[in-house]
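Heads up, the next two complexes both have chain A, just with different partners, chain B and then chain C.
Here is the complex of A and B:
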């Protein structure tokens, strides 16, 4: 365990060095948040049909999305991507550790570090000036925290899978872009899932992506009651376990046919 | 019992072939042609503990592939390979604990972290007990002169500094086997000497077995008692440097500085290879004419200021071997 803990803490320290990137990220996210909110405002004003989420709830939802964007498995982890592309993956295989756990920890660390750096300032700014509200009750806050943990674990297991595709394709950009789109749409990041047509809802509810955004964010803004958290959290864990097993199996197969690139 | 045992190792790679040009690229999308490259084509050798072996061959000969199989990174197609009694790729985690590897073209240090933090990270990853770690760390710092570098982030190190740190990093867990894949590539003369000196001491004083792949013949000449030469995945020769030399040529060199420019030089047993002002480079076969005899013969006819006899430079030997291969 010590080995994995050491990796996580080293990655954390490394990320804290990239302050400029974090500041730029915060700026971008604030801008995107404002644009999205303007769109939703226009949408809510132009229609009088009953909405599954109130306007203030949607505003909070949008800000959560901007704050936790870095946690979603929608972008490539360039570090490991680079390792495989250049062949430096050789050194990874020389470590006396379980490779899957090793990579999972790296991704976990880089995701949580970069999320933390962006989420805290966005929470402050959006909370004070831009309409992000705190959870309605303490129970909602607790349910949200639990679901966030589930979302982080689930997101990392999806990230590892995306990365493992590199063992087969090397360039891997195609798959990452595909995964990126699927994640952004099906998780509820682009449009909250309650706004999707009714026929799509049962499908979306079963897929793993919901656990990344829809579940934690709606527990936060009260659109899902806090007592529903337990089955949803278990669903997140079940999907995580399944994807981890799939990843381990793929890694085992990929290693056998691995070609270490370059010299 | 040998520390490394390799028998009839074969590893092939499938390389996608593409015809040149736009049309070729389009055709490649529909139908791929593959070419099979035999990177290792029946390699066999064994190594006893404490040996320092040079593993040489032209680019693409299969050197790095062998090292990667021995390190447990690549799985061969067929053949037997045992390192310290284990099959590397089958018991990867137990195996890599016992070996240290340096790929000269890559670093195993964390790019953004200070050197000492990379060391501590490796300590945790290899689960080296603190006391052992402190001992081997201090030893490496002393031997490689790393003290002033420890707090510098790796990305700010020069290549020579980085290589010294990489060597230390590969040895913190006190492996009994060390693979060095082109450790002196791109280094300046001083850094090369430092690396060579370190490798020699490690081998002599601590009995670490070393496999060294390199293109730098000075590395081989300075370090290796045994040289394995491979090309196109096959072993061409395996033995001491002297034997390797003898296999190619028995020629020796005689370099003569004449006192004055005498125009013509002629001797039936010595061939003039090169001439620079007053200096003559002669090549002769000591089996046909002993050096002493040749020298006295030349001295009788010319005024000589200075002379010396030497082996042909190993670069030439190797170049000739590569060509024959």
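Here is the complex of A and C:
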């Protein structure tokens, strides 16, 4: 356990070094958030029929999306990507730690560090000036915090899976991009899931991707009542466990047939 | 001039041939780019299905805005790869080599690569454009066709200019800044909806500072035969795409300034 704690804290500190990039990233994200909000504003102005989510709730949802964008499993760890491409992955096998847990921890650390760097300033700016509201009740806030933990664990298990695909294809950029596309749409990042056509909802609700964005963000803005958090959190955990098992199995198979690239 | 052009074409042929060595990877990347950029239109469709109307604009009308800006951007995105990666070149000091060659630096960077996988964004943009154009009751005239092609190319020039400006910044910062993505990728995202729906200050930004409205919003109004809720004069809507070309020319002047300012990192 101590080894994994060390891995996480080392990666975390490394990511906190990239402050300038984070500041530039915050500016870009504020811009995208503003554009999205103006578009929603126009849509809400145009039609007065009752909506599954109110306009202020959507504004909050958009800002949460910008703040936690880096938490989504849509960047891969390019260092591990490089290791697999160059064949240096062989060294990884020599380490006295469990390889799956090692990679999972690396991703967990880089995800949470880069998210933290962006989320804090966006929360401040959007909360003070741009219409991001706090959760309606303390219970909502607590439910949100729990679901965010679930989302982080789930997201990392998806990331490891995408990365493992590299063991078979070597040039996995295409797959990474495909996965990120699927995640963006089905998680509710590009459009909140309640705004999807009603026939799509039952399908979206059983897929794992909902746990990444839809569940935590709607617990935050009050469009999901806080007492629903327990089953939703269990669903996140169940999917995480399933994907971790799948990942471990794939890793085992991949390692048995691994041909190390280059010399 | 002619010599420069033939050299440019020769470089591009080499670049195409080298990418074709990895055919499977090229196909995979093109398809994934098609899907990654295509979800934008999917989102628009979902919102239209939920809300029904959008300030009096219809989905096929938005498709026209969307298609034109995406096609225009895909060309510049494919042709400006050299400028896109320029930050690394400054950091590593490789730019010194370009300065030693007897050709302009802009030409050498422009001819570095023609990124074929951008065909992904291009084809989905074109498909949406064609769908929109076929669905709408537009009375096509030769002048409108010319205007449409001119605005697409104007858009290409404008985006190219933005990428050149982003690269120019690297002379001072030795790092290419993500913030410029707000006006390239963010600009594409913005003008794929009609400009009239945005707030005043935002409209002004994309008319006067980054004139994206001139290569998209104004000419599309002419093609649609709609009045402008912003009240722009008719003549402006016809000549507006020239702004894209002017922007590129301006950006290349700034580039020259940057080159003069360049000091090598010396590694």
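Details
The rule is short, and it goes like this: the second predicted complex is superposed on the first by the 263 of 263 C-alpha atoms of A that agree within 3 Å, B and C clash if a C-alpha of one lies under 4 Å from a C-alpha of the other, contacts with A are read in each partner's own complex, and residues count from 1 in each chain.
Criterion: a residue touches a chain if its C-beta (ideal position, glycine included) is under 8 Å from a C-beta of that chain, and two chains touch if they have at least 3 such contacts.
Not measured: the values here are computed from a predicted model.
Contact with chain B, but none with chain C, is seen for A:256 once the two complexes are overlaid on the shared chain.
When both complexes are overlaid on chain A, the residue A:142 reaches neither chain B nor chain C. Looking at the shared chain after the overlay, A:8 reaches neither chain B nor chain C.
Contacts of A:91 after superposition: chain B is touched, whereas chain C is not reached. Residue contacts after overlaying the shared chain place A:39 against chain C, while chain B stays out of touching range. Counted by residues of chain A touched, the larger count belongs to C, out of chain B and chain C. By the touch criterion defined above, A:237 reaches neither chain B nor chain C.
Applying the stated contact rule after C-alpha superposition, one finds that A:185 touches chain C and leaves chain B untouched. Chain A has no residue lying at the interface with chain B in one structure and with chain C in the other.
Residue ranges of chain A in contact with chain C, taken from their complex: 20-21, 24-25, 27-28, 31-32, 34-35, 38-39, 42-47, 49, 51, 171, 173-175, 177-178, 180-181, 184-185, 190-191, 195-197.
Those residues of chain A whose C-beta lies close enough to touch chain B in the complex are 2-3, 5-7, 10, 13-14, 17, 86-88, 90-91, 93-98, 255-256, 258-260, 263. Here chain B touches chain A in the complex through residues 13, 64, 68, 71-75, 92-94, 96-97, 99, 101, 103, 105-106, 108, 110, 112-113, 117, 120-121, 124-127, going by the rule given at the top. By the touch criterion given at the top, residues 22, 25, 28-29, 31-33, 35-36, 39-40, 42-43, 46-47, 49-56, 175, 177-179, 181-182, 186, 189-190, 193, 197-199, 202 of chain C touch chain A in their complex.
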